[in-house]
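What follows is a set of notes on a single structure, which appears directly below.
Per-chain residue numbering starts at 1, and chain names A, B, C and D are given in the order in which the chains are listed.
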Amino acid sequence: MLSVYAVLIDGAIYASWLFLVAAGLTVIYGVMRILNMAHGSFYAIGAYAAASLVGWYFNNGVGPVWVGYLMMLGCALAAGLIVGLLIERGLLRFMYGRDEVLMVIITYALLLILEDAMKMIWGVNPYFAYQPYAEMGRSVLAGLKVSNYDLMLVGVSLVLGLSLWLWLERTNQGKVLRAVIHDREVAQAMGVNVRRVFTLVFVLGTVLGTLAGALTAPAISVAPGIGVEIIVLAFAVVVIGGMGSIEGAALGALLVGLSRAAAVHYAPQFELFVIYGVMALVLAVRPQGLFGRVLARKI
Amino acid sequence: MRLDKTELILLGVAAVLAASGLIAPQWLVFLLTMALAKSMVVQGVVMQMRAGLVTFGQGLYFCIGGYAVGMSGHFLNISDLPTLLLIGVVAAVALAMLLGLLMTRYREIFFAMLSLAFSMILYGMLVKSPALGSTDGFNVKAWTLFGWSPAAGQAPLALFVIIVAVSAVLAVLLHRYGRSSAGAMCEAIRENEVRVEYLGQSPRWVLYMNYVAAAGVSALGGGFMALAAGHIDPEMAYWITSGEFVFIALLGGTAHVAAPIIAAVLFAVVRTYAIELVPHSWQMILGITLLAIIVFLPKGLWSLFSGQARAAKAVEAKA
Amino acid sequence: MSCILETRGLYKEFGAVTAAKDVNVRISKGEVVGVIGSNGAGKTTFINMVTGYLKPSRGEILFNGQSIIGRTPRAITRAGMARSFQVAQLFPELTVLDNLLIALAAAESPFPSLLRPLRNDGRIARAEAILSEFSILTWRDSKVTAVPQGVRKLIDIAMALIGDPQMLLLDEPTSGVSAEEKTQLMDTVMQVVSRHQVTVLFVEHDMDVVRRYVSRILAFYSGEVLADGPPQTVLANARVQELVTGGQRAHKGATA
Amino acid sequence: MNNYKKNVPHYRKALPLALAIATAGMTASVTGAAVAAENGKFRIGVVTFLSGPAAGPFGEPSANAAKVLVDGLNQGKLPAPYDKLGINGAEIEMVIIDEAGGAAKQVEEFRNLVQRQKVDAVVGYISSGDCLAIAPVAEELGAMTVFYDCGTSQLFSEDKTPQYVFRTSLDAAVDNIGAARYLAKTRPDAVRVGGIQQNYAWGQDSWSDFTLSMAQIMPKSEVVESQMPKVFQGQYGAEISALSVKRPDIIHSSFWGGDMEALVLQANSRGLLEDATAVLTCGESALARYKDQAPNGMIIGGRGPFGAFAPENPLNNWFTQAYQSAYNAAPTYPASKMAQAILGLKFAAENAKAEAGKIPAPLEMAKALKGASFESVSGTVQMARAGGHQAMQGIAYGEYHYDAASKKGGVQNVIAFSGECVTPPDGTSAHDWIKAGFPGAQCN
């Protein structure tokens, strides 16, 4: 019985992390139709920024712990804003209207560049900023010792998902965004400044990526390659849920999270295939993903 | 079989290249062998690009070709080069005939993602196979050709001559394929699939055939890679390997059958010098090159040459 | 004359919207039929159903006496029914000649050859012939993207015609073409079409154009066939005048 | 035919032009290449990870160690017997190459090193796949090659009659035999054994070596859980739960790098490491980084007598000091292993009976190193296995201990096992040797 609870708890924790990682990807794709390969690099930049600053703070200072948490968020925000604006204003805006697949390749080039750029800034040695993770302690849930930090991630993920959803569905800005998602040309004709929307959304997506990285940083050792590792994971979640859909990403994350936790507990040898298996299965049945829309061509 | 001018040039260049292998330094011979093997996989990517499909999983067939060669050597004790390569191609074609049924239902990003998923599943399966050396892979046995085995130290050169010959024949075939009805139909599908359907042609059938053929061609590249490098590992099916093939395909462009070959050679040269001169940031150099090509040469390197040819023509006309 | 196309009790619903309602039409071989109706009257839906792009909710479609319900557009095309499109559906990055050669190769065989070239003398001769018939041979080697709208419409029709269909459906052949060009374009099209002795059904907004070329008119309104008959009868019909040609867009009292 | 000849696509003319440019480029690259070679210097190709996840924990310390050693040798600063300038009097020149990119690429780069860069010897390779792929090529090209880190047991069972290929690092089986022996001495009552490995060849092999050894050395133990997460996953929440649920006494892991640090952090803060003792075969490489996030008593190894387990001797003292002053950190085990490989190479070159200042031929060097014993930062290394091509050394394990006052981690309760105790004899695979109950092992 214990392991059933463990599957649920582990699955929920992993799913919330996956959702954090995938949210930015799906937002950018939904509005801009860019499947952003560099999303993993944004995640890594957020992680590096947070780990280096927070590590420095705790190693040198005796300041209060909560400042460390604020610094993590601050880092993610600052790094996301800078990187997002730089890339969108400096490169992507010249590329709009190009083929969707070409955009994938452009962001692939970005990934190659960013990976080495990070190496230049932060070196290859791992950063280890564990204090925010360790300070929170642990609780016992259904007989299982669980890190409070992980539980907090579940909360953050829920809040983030809900606010994204509310923002899209319940605010005027969200309406404008949905108009752009639905039909870019019509939205433009109706007077929506699509370019501004794009800048806003790309920066939002970037910040979501860096935030995911910053929130993950204290639990891991931040080293080269962490970004590359999560791209395929995030893609899988987004493709399963239906690209561009927030609720899809949430459901996709939950599906993958729970299947993976179940595999770890009951059939560890299949853990490696779970993600691709779920993805191939969902796509075979629903090619557009769980929440994806089918676009029929007008003739 | 009548050969047109392009085909004659291709065969002529191949003959010169094979002959120059005798005087070229050995590292260059090896580098070209690897580049030619890769260019075959890239041909598979380009075949699908011409039909408007970008695959992030061509490494699947590259890997199948390589492992088929390696495993046939180890478990079936086959060392004959044509037989080995044929086994690889047949294995890939068989798999592609199965997966193609599903893959041809998808377009654009979904095709890219699903192709990636399948190649990653193979990657996972190989990693989980200790009998095949897991991630370490295993060494491929030495090859023979119709009972003849090359003298010690001569195998790389012999393989180079073979791969040049095979590449030339393949290039001629692909050149013809590109100009055939089926090849034209692929481009038509890329341009307007609905219209193709309304011309009474089945886009899915054309894409299916194209997918299977591309798999076979890529597997041939994988087989050669295994024989040349003498080692195979699951990395061949990893998505980053597939990404590299897309990279080279874009580098060359889809305009000509020689473009992937030239791009693969250029890529190998650029990379080997980038690794030597800037060992810490060669990826960045590759990324910048890729961006520059997309921005300045959206149709690949080939547009550089054909653009010049056009300019030359214009000058001729004026004179 | 024998009947080439027949629909029986054709219905098509999109959610709450009825795009086709009890459509019963019989078209004989060799007829030239014009379809009129305001926007959203169900003209294109009718063509899309007949060519297999949309599946009717109910009803039967017979082509040469055989049911074609559930067949793909491809199968219906191969059976001998070709169509053109409201917005020309071409292969924009290819040359005009290649567009036609592809159409021809597609018509020749469902399994395109892998190694024999698309361009052979026979195909090129046929493609050039049809381009000359439409008087657009000068555009032969231009990319479609470099070709004016009116010529694109002609290429679109030429591609449908090159496979020698028994029946040709033209969806607004003059849409997107300037008023001055319309007549000339339709003249060209109808000349070629009559030379090829193919049954034609075309959708058109301009009544002058319709009156000039057709032997029979189908007037659609709100998914229904409002009137069917020779031009003078249909165009004189009071309800057609009120609901279709009069330009009134009043929906009240519509027979729903 | 005539009809479309007019319309010859413009790329027809482009093909010869393109080929001409490509050929010109190739020629240029050929002529530019051989310039650096043949300058009387002893050129060493050093191959290690400069990018990717292995760069931080392994690649960088290795590359740093190579630089420290080459500089030291060129200035003649090393203690005897390595006080001769450079190698055999010739100045050393280093060409460093990134190991990332897979075995096929490494084969290509190896050929470039030997044939284009004309290096006199190659030292390198962390990945076992790379070593397996390089070995036959090195034999084919007759290039003196010293593997410094890869641990695959397959190496010399594939390359059965090695001539030019040497390995100065230990077979990975030694790590796990040593770990089992250490447990038998320090935790004789442990019964429930769990494991977590990265799901690739290294992790799979380590786990099978370890469980086989445990079955022999501690027959009462039983395996209660085995987890194999994807390599570089970083998040081990579910795996830690799955292990916790089984309440193991011992948790064996061959994790390395960022994965290992993340595992220790996550498992420790979830209390798993309080209830169970972790055995980390690569644990030493993060010794300075655990701080108070690893429990005292956690068992760590350094894949041989390297890093913190290296003995006190003049060579090691010099090396530690030089490394410390250059990089402001103590050398970890990958650094020691790189130093060992370069020292082995120097030993080989200087015992090849070449004139002073001259560079000996590869075969001469190989003959000199075959079966020899040379001094290293880790003590005396005997090339006593695989026909004199594989180093045999002891292995040491110890317990992590964190000193809160100095904020430094160290090792305590170190037990070293001799090479004869943990190394399978020639002609026997590690698996067979373990299964047969270690026949012929001489343990202290």
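In this text, a residue touches a chain if its C-beta (ideal position, glycine included) is under 8 Å from a C-beta of that chain, and two chains touch if they have at least 3 such contacts.
Being a predicted model, the structure only gives us computed values, none of them experimental.
Student: Measuring from the mean of all protein Cα atoms shown, which chain centre lies nearest?
Tutor: The chain sitting closest to the overall C-alpha centre is B.
Student: Could you tell me which pair, A-B or A-D, is linked by more C-beta pairs in contact?
Tutor: Between A-D and A-B, the larger count of C-beta pairs in contact belongs to A-D.
Student: Need the most distant chain from subunit A, centre defined as the mean of C-alpha atoms.
Tutor: Result for the farthest chain: C.
Student: What's the distance between the Cα centroids of subunit A and subunit D, rounded to whole Å?
Tutor: From the centre of subunit A to the centre of subunit D is 35 Å.
Student: Whole-Å distance, subunit B centre to subunit D centre, using C-alpha means?
Tutor: Taking the average C-alpha coordinate of subunit B and of subunit D, the gap between them is 34 Å.
Student: Take the average of all CA coordinates in subunit B, do the same for subunit C, and state the distance between these two points in whole angstrom.
Tutor: 43
Student: Where in subunit B do residues touch two or more other chains at once?
Tutor: Each of 127-128, 194, 280, 282-283 in subunit B touches at least two other chains.
Student: Return the residues of subunit A touching two or more other chains; collapse runs of consecutive numbers into ranges.
Tutor: Within subunit A, residues 115-116, 119, 269, 272, 299 contact more than one other chain.
Student: Two-or-more-chain contact residues of subunit C, please, as numbers and ranges.
Tutor: Correct list: 85, 89, 119.
Student: Please output the residues of subunit A touching subunit D within their complex, sorted ascending.
Tutor: Contacts found on subunit A: 2-3, 6-7, 9-11, 13-14, 17, 115-116, 119, 123-126, 128, 130, 133-134, 137-138, 144-147, 149-150, 216, 219-226, 229, 260-261, 264-265, 268-269, 271-272.
Student: Under the definition above, what is the set of subunit B residues touching subunit A in their complex?
Tutor: The touching residues are 54, 102, 105-106, 108-110, 112-114, 116-118, 120-121, 124-125, 127-128, 194, 239-240, 243, 246-247, 250, 280-284, 286-288, 290-291, 294-295.
Student: Using the touch definition from the top, list the residues of subunit D that touch subunit B in their complex.
Tutor: These residues of subunit D touch subunit B: 10-19, 21-22, 25-26, 29-30, 33-34, 50-51, 95-98, 102-104, 107-109, 111-112, 114-117, 127-129, 132-133, 135-137, 140, 152, 154, 158, 199-202, 204-205, 208, 231.
Student: Spell out the part of subunit D that touches subunit A in their complex, as residue ranges.
Tutor: Touch residues, subunit D against subunit A: 50-53, 55-57, 59-60, 199, 226-230, 232-235, 237-239, 241-242, 244-245, 257-262, 265-266, 269-272, 289, 291, 293.
Student: In their shared complex, at which residues does subunit A touch subunit B?
Tutor: Spelled out, the residues of subunit A in touch with subunit B are 35, 91, 94-95, 100-102, 104-106, 108-113, 115-117, 119-120, 228, 232, 235-236, 239, 243, 269, 272-273, 276-277, 279-280, 283-284, 287-288, 297, 299.
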